[in-house]
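Written out below as structure tokens is the structure these notes cover.
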Amino acid sequence: MGANFRSDNVAGIDPAILEAVARANAGPSLPYGNDAVTQRVEQRLAEVFETDVAVFPVATGTAANALCLAAAVPSWGAVYCHAESHILLDECNAPEFYTGGARLVPLAGAQGRLAPESLAATLAAAPTGVHHAQPAAVSITQLSESGTAYKPDHVAAIGQICRERCLVLHMDGSRFANALAGLNCSPADLTWRAGVDLLSFGATKNGAIAAEAIVVFRKDLAASLAYRRKRAGHLFSKMRFLSAQLEAYLDQDRWLDNARHANAQAKRLARGLGALSGVTVTQPVDGNEVFAEMPTRLVAAIEAEGFALEPWAPATGDKRLMRLVAAFDTDPKDVEALIAAANRRQAA
Amino acid sequence: MGANFRSDNVAGIDPAILEAVARANAGPSLPYGNDAVTQRVEQRLAEVFETDVAVFPVATGTAANALCLAAAVPSWGAVYCHAESHILLDECNAPEFYTGGARLVPLAGAQGRLAPESLAATLAAAPTGVHHAQPAAVSITQLSESGTAYKPDHVAAIGQICRERCLVLHMDGSRFANALAGLNCSPADLTWRAGVDLLSFGATKNGAIAAEAIVVFRKDLAASLAYRRKRAGHLFSKMRFLSAQLEAYLDQDRWLDNARHANAQAKRLARGLGALSGVTVTQPVDGNEVFAEMPTRLVAAIEAEGFALEPWAPATGDKRLMRLVAAFDTDPKDVEALIAAANRRQAA
Amino acid sequence: MGANFRSDNVAGIDPAILEAVARANAGPSLPYGNDAVTQRVEQRLAEVFETDVAVFPVATGTAANALCLAAAVPSWGAVYCHAESHILLDECNAPEFYTGGARLVPLAGAQGRLAPESLAATLAAAPTGVHHAQPAAVSITQLSESGTAYKPDHVAAIGQICRERCLVLHMDGSRFANALAGLNCSPADLTWRAGVDLLSFGATKNGAIAAEAIVVFRKDLAASLAYRRKRAGHLFSKMRFLSAQLEAYLDQDRWLDNARHANAQAKRLARGLGALSGVTVTQPVDGNEVFAEMPTRLVAAIEAEGFALEPWAPATGDKRLMRLVAAFDTDPKDVEALIAAANRRQAA
Amino acid sequence: MGANFRSDNVAGIDPAILEAVARANAGPSLPYGNDAVTQRVEQRLAEVFETDVAVFPVATGTAANALCLAAAVPSWGAVYCHAESHILLDECNAPEFYTGGARLVPLAGAQGRLAPESLAATLAAAPTGVHHAQPAAVSITQLSESGTAYKPDHVAAIGQICRERCLVLHMDGSRFANALAGLNCSPADLTWRAGVDLLSFGATKNGAIAAEAIVVFRKDLAASLAYRRKRAGHLFSKMRFLSAQLEAYLDQDRWLDNARHANAQAKRLARGLGALSGVTVTQPVDGNEVFAEMPTRLVAAIEAEGFALEPWAPATGDKRLMRLVAAFDTDPKDVEALIAAANRRQAA
């Protein structure tokens, strides 16, 4: 039986994180985040990001993103994002719900990344006046939907445009750890020093049960979030168990170690599959995702051996774009087994 | 050092529930509820309620309540509820947010319970026509905000009115187990057989980490909930860990055993405190909550010994209404210790 | 055949206002309020109120009220208002829609007016913290729903509380002219000098076709209104015809003359009806509305002669509370005829 | 001094419509649409469209469109529209506000019209499942944003796709009269017989003060509109003056006569300008709008003579795309004068 490479959300819980939850289960605790664990997580994230931050733990990435956008834009605002971004395509209008009806404006961009020039041109051409959605924010995804990372200078170029136009810059960091692990930079360089105002800091895909942290770098944007989180039903009464996940995640660089492991497996997958004739790895593998155009016959053959891959686009001719994602707990043997199966089948 | 009786949300996790989460952490799983555990939970709840149900696990009671109301009423609708109900007073306008602006109409009612006659009279006097919020739903809380239980015939009287007026009946069952454990009836008798259409079935306060189940008895009301949950960010990717909590909660009547334990401690508290001169237990103790009017000096003295009690209203004169809540893990020794302390201090 | 006293919204258009619309129909004009008439209206209202104001003409009172509240409060806010207020009872949840789900909190108050002491007490008892609707605004109606006027010192007492608690004070002035005409004070004294931040300045009921002006005294609250009005579909392309109504309304104190006429007819009605045995005028007649408890037989008899009256509450015994409203165009002969009919029938 | 060709919303009121408003100002009337005029308008529109319809008069096109969409789609729905459509670009997120956050999905299409093939392809590729905006409606504009008309078979091809996919078809008919006047078909053929479910029937641009009618062909979609209109503040108390505009508009084919006049002037403009060297009329002139690429020097010269034209895109090189719109009251002499001026300046 093979392994599941469809997404990192099929993975389980990092045992260290589960242990931390169990450890937090000792004696009563103040509810709703007024507990010591939650306060330590905020301090820890301030250290990680080398600046004062406001932190709001929530359980899902969609909640984190939608709450960030709601704090950032009025309901008559426009949020510029990549045409393939998760907030646009995969959150069932959550951003519109939370913002009271703001508009997501899709922009093209190579390798899943928003191009600063394209953003600047779009903003320059945006009509002014009361009839139109008002430019209000930019949201970028780290890793992008194509598995590529935004480098600090790329983020900074977008951040510079945002500052000039008084737009808020949000980063959907559901795979922030994977991006950071692959870049030689600090968390601060990749976020607030480059102009990021609000970060959805993901942990679920990288080993948590269900935990993300909204990290706010611009304090004025934090004021409404406590209310927004509560009235959305995302304030946990037994918050310490959510925060305990984040604490263990950040402890001793577990988040980065987990990400490094996943990234290494992705690179291994890319090397192995890319060496096959007829297979093209279509995007740089900056993190834990591999996008590969593969013969549909090969895909079927691999799946017949029990491996699960994610179809990423309809088949064109006898090829199909597939996504393979490695997780913190991906067994290198499963990676080798998949590559071996692919070689065996391709040779057949 | 004493114990915390402020709320059952200061309690921790039932070890059996935590073990179930750990057990679910074996191998990959389909995300977003397409897993075996989630399906088993739906089946189990169908058995518990002796009827077909649609089940939507979420992590908080506020989410469960707000999603139920959103499925039940249009944004120009009115939801009748007790003037002290949680949805009205303690959810930061979540019902309004999720319903797109429906109106909560507070009604008085003795012992925290909505009176059928008062509801009927209010509905009879409601003006018709397009200018007014349209009567659309009734929401009752089980246990009520005064710790009392609605008996099946009480629910049925309200359910009858709802059916006559085509209103949806929602039950906020954040302490449903505690209510049921104290009544000699079946889950079905207390819900759909009495006219309940939508139930927020609570588990968090009674031993889960963060798990509630929306239980839909009227299938037409279920159609929108999958979308509503997702766009609210309440669909968990690693859903199996949420469902595992519910499964363990329901397994071998753990939910009822936990509730019985909590209820017994509450009764013990009520007996002990009620025997003190100057202390009046103000509400029937139908579940795990005790409301007691106590001398403020006595409260201060007890708190000085490390016990935590919840002030439930501003002090009037030298008395104050306090709430004490027992949980699934309340240690009877702590109960005895509190009563002993109260006796000692009262005598001083 | 008799006359219709059910409401001032059954009245027609003041001929001078209709002429002004016709006059504005000369040659093309810039759309959407970028016309000279609209600018003159803003200036004129600044003179009337003796201060700088931002003005947003709209067509209905519900739009004016809901837009004002939306500019004033966040969606997790609470708006305190009288339990019988129009925004609460007669606008089909428009305030909730426009505010994104804010809460209207009904308060009792004699003669249809909010009592400062009751407001202060409610605010003092409001719980703090993220779980509750946050006190954000107060809305009062001028004339009140009982036809009474708030005097400047009454408004100022409420305004003082608002300032102390950082609440916005909104006045629903759908009958502002009638209130002002009956009080010996200036428009400024009755509004911003007494702490009013936002005014729905009504004209429709007092002679316009469909025209109200949002008048903003606190400039920071005006910033969002241009966008809010547009995205609600309340920005008229041919705005000059809306503004022309307001200009004519304000011209040469027409608004006050119209109101004085209506008020005088109401007083005449009150005197005439109040003199009848079995009839009690229940509220001070501060403007153009009369509330009278009348024998149901008398009501039926009067209506049989063709007069229309508004039932204001269900009948109790053989009496019923009726409302009679005089308008700018109420014919004194109709008033006399009604009184005569009542006397004749009562004597029968 | 020249004339204003920027838009048909710079035009005034058709005198016959103003007279109708004056005529309606005789005696009191039941408010809120319970008057005879409003009922006659509904009957008249049923005759015009040869079928039973529900009619909701409102004052602006944005209100009509946003209300229609709100009645058609859930807040997690997707509305497919042309990338240049008014609902997408010019209504400040009103559709999102009214629908509670539905998504507008822009599609390309030649000459401002949605191509059935492109719509079908987009729908075929739309992913299924709870994570995505759910295909729910299509909205087309008649005349399109490029001044072109959808012919009945074009609408029917779109209507067929909608029916197959259970999508609602909305037509933004802000220039419906202009489209119809240029096509040899009946109102029914252009709407419900071709699959249109909801129509925003425009009158403002074609001679009314501020009047549009929501015309509902699918009765089940009408049920919520009375409430939606009221809670949006778009229900007029003195409704008869809104309805009187519509009645006069429809009376004796005034609407079509007005449109024919405007269309004829547009054709005259197109012929005259199109004959100039360096000027290209870029779109078929199906109604009252002309889109012409013109030398910027020529534009400046014409404007220097007092004519107003609408720039429709940023200048590219020494050319710029301009829009010229004729209205019901456009004076043919002004058209000739503009053409003469253009010829004179071009020759200079």
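The letters A, B, C and D name the chains in turn, as written, and every chain counts its residues from 1.
Basically, a contact is a pair of C-beta atoms (placed from the backbone, for glycine too) under 8 Å apart; a residue touches a chain by one contact, two chains touch by 3 or more.
Keep in mind that this is a model prediction, so the values were computed, not measured.
Q: Considering A-D alongside B-D, which chain pair is linked by more C-beta pairs in contact?
A: Most contacts of the two pairs: A-D.
Q: Over half of the interface residue numbers used by both subunit A and subunit B, so same, or under half, so different?
A: Same, since most residue numbers here occur in both copies.
Q: Round to the nearest whole Å and give the separation of the Cα centres of subunit A and subunit D.
A: 42
Q: Distance between subunit A and subunit B based on Cα centroids, please, to the nearest Å.
A: Centre-to-centre distance between subunit A and subunit B: 35 Å.
Q: With chain centres taken as the means of their Cα atoms, state the distance from subunit B to subunit D in Å.
A: Using C-alpha averages as centres, the distance is 51 Å.
Q: Where does subunit D touch two or more other chains at once, residue-wise?
A: Each of 32, 75-76, 91-93, 97, 100-101, 130-131, 134, 227, 230-231, 235 in subunit D touches at least two other chains.
Q: Across the complex, what residues on subunit D touch subunit B?
A: Contacts found on subunit D: 32, 74-76, 100-101, 130-131, 134, 224, 226-231, 235.
Q: Where on subunit A is subunit D touching in the complex?
A: Contacts found on subunit A: 75-77, 89-93, 96-97, 99-104, 125, 127, 130-134, 314.
Q: Quick check: in the complex, which residue numbers of subunit D touch subunit C?
A: These residues of subunit D touch subunit C: 3-4, 7, 9-13, 15, 18, 21-22, 24-32, 58-67, 91-94, 97-98, 204-205, 209-210, 227, 230-238, 241-242.
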